[in-house]
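Report on the structure given below.
Per-chain residue numbering starts at 1, and chain names A, B, C and D are given in the order in which the chains are listed.
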Amino acid sequence: MSDKRVSMREAISTYVRSGQTLALEGFTASIPFSAAHEIIRQGHTGLTLARMTPDLVYDQMVAAGLARKLVFSYLGNPGVGPLHAIRRSIEQGKPAPLELEEYSHYGMVGRYMAGAYRLPFFPLRSYTGTDLPAVNPLIRNVQSPYGGGAVAVVPPLNPDVAIVQAQRADAEGNTQMWGLLGAQKEVAFAAERVIVVVEEIVAEAVIRADPNRTIIPGLIVDAVVHEPFGSHPSYVQGYYDRDNAFYLEWDEISRDEGRTAEWLREWVLEVPDRAAYLRKLGPERLERLRPGPAPSPPVEYGDYRA
Amino acid sequence: MSNTTYSPTEMMIVAAARALRGAGTVFVGVGLPNVACNLALRTVAPDLQLIYESGVYGARPARQPLSIGDPALVSGALSVVSMPDLFGLYLQGGLIDLALLGGAQVDRFGNLNTTVIGDYSTPRVRLPGSGGACEIAINARRLVYIMRLSRRSFVPALDFRTSPGHLTGGGARTASGMPGEGPFAVVTDLAVFDFNNPQHEMQLSALHGGVTLGQVRQEVGWELRVSSTLAETPPPADEELNLLRNELDPDSHYS
Amino acid sequence: MSDKRVSMREAISTYVRSGQTLALEGFTASIPFSAAHEIIRQGHTGLTLARMTPDLVYDQMVAAGLARKLVFSYLGNPGVGPLHAIRRSIEQGKPAPLELEEYSHYGMVGRYMAGAYRLPFFPLRSYTGTDLPAVNPLIRNVQSPYGGGAVAVVPPLNPDVAIVQAQRADAEGNTQMWGLLGAQKEVAFAAERVIVVVEEIVAEAVIRADPNRTIIPGLIVDAVVHEPFGSHPSYVQGYYDRDNAFYLEWDEISRDEGRTAEWLREWVLEVPDRAAYLRKLGPERLERLRPGPAPSPPVEYGDYRA
Amino acid sequence: MSNTTYSPTEMMIVAAARALRGAGTVFVGVGLPNVACNLALRTVAPDLQLIYESGVYGARPARQPLSIGDPALVSGALSVVSMPDLFGLYLQGGLIDLALLGGAQVDRFGNLNTTVIGDYSTPRVRLPGSGGACEIAINARRLVYIMRLSRRSFVPALDFRTSPGHLTGGGARTASGMPGEGPFAVVTDLAVFDFNNPQHEMQLSALHGGVTLGQVRQEVGWELRVSSTLAETPPPADEELNLLRNELDPDSHYS
């Protein structure tokens, strides 16, 4: 079993290149902000960014001028409002224009599934009577060979690099996650390279004690980054809460191009790594995000011998 | 009945909750629909099963969830599922009775725009886009819309059709083979609309207290059809307002 | 929350009818033998039986003369040999001829997935250059609208009734399972009616303490049957071992039509229920199948308030 | 080298295990392949990752598994996955380097029959059918066959083609667009065959100790091609036999 643990700096510099297609997934939870910030620091540009919900994580990367194109299904600051930086880029071409490839949620899921299943397309019941296919020629139809008309299809999406946040993994990258699963498994299997960011590194024995909990096998993982609070201001189930205050702050900051650049300089560019970012946030703010205990009860796998 | 005053938004949320009467499962999105669903659960639909777009079934949150991604929805839920399972097995699989949707623009046949104002490639205002709305509008058995009434939103022609309602009206939706029946109610801050006519054209079915037909016509961008059974919306009951103000939206985030 | 607990007799008599399509799934594990035996006792006939691996469970139902048709992908007594009763039916039409609708494993999985996803077909990379499509016209091709040629497709399979065995469920049918999952979730979502057979009924609170473990939601379950050792001679992970001795015994018994009928009379028809079957097996045999303890460690969901 | 005697079946298992040298992941089915894979893991391929057809990755069984469905494979494994994930993400997804297959009949181009002897609708002998073999043969990067050599099995024409090998030979398989490369070795109890010629035709590459070319021709139902580099299979080493007899197949269930 090979040890794939590396620092975030090393993981990003080893696998991320300018011009690649990246997918930093995590549906409303476990969003890998720590990886996004390191990508911004390393200044990889001309990126195609795929994500169901670009959220603040891509708003920041777009504001940093790294993105050439967005592949997505919902542009918003959940429960707060629009993503101002991305809107500026789309509406005013600032800091740079942004190419859009737009789907619905299930369309994005279907693209990851086709990529993961190595299928030429994935079928879904969507897009009927809408304008989405007109602005995205990759959304097509297939006639059912069993009659009953056509069904919509989307093509595979195989990101160069997928980055997913999880609760825990062993050194080889056998990754266990719980809570909201989004399309984490599908994007990992679809990607050429997989970087897993975890709150905890555990012994292989911990993974083996509950194999049904392993969502991503080490088999497809290239790098394992141990990064506590790696998802802040997003959250990791059981480890910390969503920092809703920051999602509101960002709504203010991101309205202004200058303040946005200033925030990126202060909180990303001039911060060496996530540890420093956490020190800057301060222990009080992080402690307030800690939930009370709610452990799952054990299940019996059975020790089968002779 | 009640003598307390209430805001138009409170009336809208209460009316939307009432539209959920009898529903078994509801697909819950972020914001106002979330509040309306939780109000319905506490009033007209005690057996309502909430299925959150984030992949949570049977949630029992220890606090009022701030968003569909709130970790409080996961702890103590009956089941948490991946996006492929949520959209494939639950929504497309036909397990959703009802969904609440809203949009920046709606037309007379209940088609929705949540994508863009202006031209798609050179937008005046870029909106969030579909999210799950497109497949929800197609696959959920029935739809209720909740949005503020204004001439800017109730338009004769959409700038972009993100989610299908009754398409061009009449038998158009049925002919398209969509599994779901489409929208049956549009709940706003001034009035409620239905589609109970052969054309499936949006028609005024109830005015909220103190609102005139003229006011409503003023805010609708086409020659408005009025139901022959036009009624007045019963005002929020004390119970409904108390739940809304003290439990579901204490910070008046929505109302 | 409604209480769906019923006896096996009631579950089968309420939902199973002659002429239906049934799927008693469970891939090499958690095979619902107790349900199959009750179906034989009630004598529902003209059944179409769908299962990836018919295994002994369908060999017994076919021997009992209940089946009109088999929809399957692998006919065998795993690690032992052929299924003699089914072979007799196919090769000699005894006790009755059997119509076959044959797929590969993934083809069967695809049929369940199309059924569960309410899709007109499910695409898969299989059947190229084989004779299977020639003997099963339901296996077809679809041209990819993105180029790259054709891909095989199979149509949806929506059984009238799916019966699945699991470790535990609450009274409403929220079902948790671990170990080998087969296509249990897919067949349950694809079926019109779902009967869940469990080793343990647990409080709803136990289910809620680990929501990621819930594979089948009560939402789609019609009946919950509490049937300890309900899968014997198959097994349920953590509860008991596979009774390999019986799989060998059956190889002997089933070679002879008379002995097979005799066994069905003695162990199924003249046994009122599973409890009596277990008494007949004897506690010693069952105890020998109990594994040692190997509990999973808890995971933290977090108690999120205020 | 070793002076102990060994059975033809033991030689077959040992030779099959050796064919796994260098493989990263192997798809493990029931029976002989299971024993061969576990022998390879203990000898020529210590880093071999076994992926069981039942949905188990990284198994570490406390006892020698009797079948691919053995619960001992689950307890202590790295991951357990559903059938859709096993066949969709692992196999079709391209994660399987190698798979071992066998059959009742094989033809000169390595196509397999595990379905029926005689006519499909009126079979003389009904066999198990495909199971996962059909998609394994199509999607696994490379295939090794393990089966006893006999004229009944090595036939000029299959009664039924269940799993594709090199189809009609030459570039046929490549032209068909199958992701995998097809079979590269056929390991039997008397000899080993490869397909190292432009026609991808099965050819004798090694004779087991004491076996003559004549014996082999006797058991092959077509004009057998012989490799220009025909060799003798090195006999089982003591280590290989000891593992096989004392640990992997103590009850001589297979050998």
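Criterion: a residue touches a chain if its C-beta (ideal position, glycine included) is under 8 Å from a C-beta of that chain, and two chains touch if they have at least 3 such contacts.
All figures in this text were calculated on a predicted structure; none of them were measured in a lab.
The chain pair with the larger count of C-beta pairs in contact, out of C-D and B-C, is C-D.
One inter-chain figure worth recording: chain C and chain D are separated by 29 Å, centre to centre, where each centre is the mean of the chain's CA atoms. We define each chain's centre as the mean of its Cα atoms; on that basis chain A and chain C are separated by 37 Å.
Taking each chain's centre as the mean of its C-alpha atoms, chain A lies 40 Å from chain D.
Looking at chain A, residues 118-119, 124-125, 148-149, 178-179, 181, 185, 209, 212, 237-238, 241, 291, 294, 301-305 sit in touch with two or more other chains. Shown for chain D are the residues that touch two or more other chains, namely 56, 70-71, 74-76, 80, 88, 92, 179.
Taken together, the chains touch in the following pairs: A-B, A-C, A-D, B-C, C-D. Put simply, chain D touches chain A in their complex at residues 25, 49, 56-58, 60-63, 70-72, 74-80, 85, 88-89, 92-95, 179. Listing the residues of chain D that touch chain C in their complex gives 30-31, 53-56, 66-71, 74-76, 80-84, 87-88, 91-92, 111, 115, 120-121, 123-135, 138-139, 160-164, 167, 172-173, 176-179.
Chain A makes touch with chain B in their complex at residues 27-29, 52-53, 72-76, 78-79, 82, 86-87, 90-91, 102-107, 109, 113, 124-132, 135, 148-149, 178-186, 235, 237-238, 241-242, 244, 291, 294. Remark: chain A residues 118-125, 140-146, 148-149, 151, 153, 155, 167, 176, 178-179, 181, 206, 209-210, 212-213, 237-239, 241, 291-305 touch chain C in the complex.
Those residues of chain C whose C-beta lies close enough to touch chain B in the complex are 116-119, 174, 185, 189, 204, 207-209, 211-212, 214, 217-220, 301-306.
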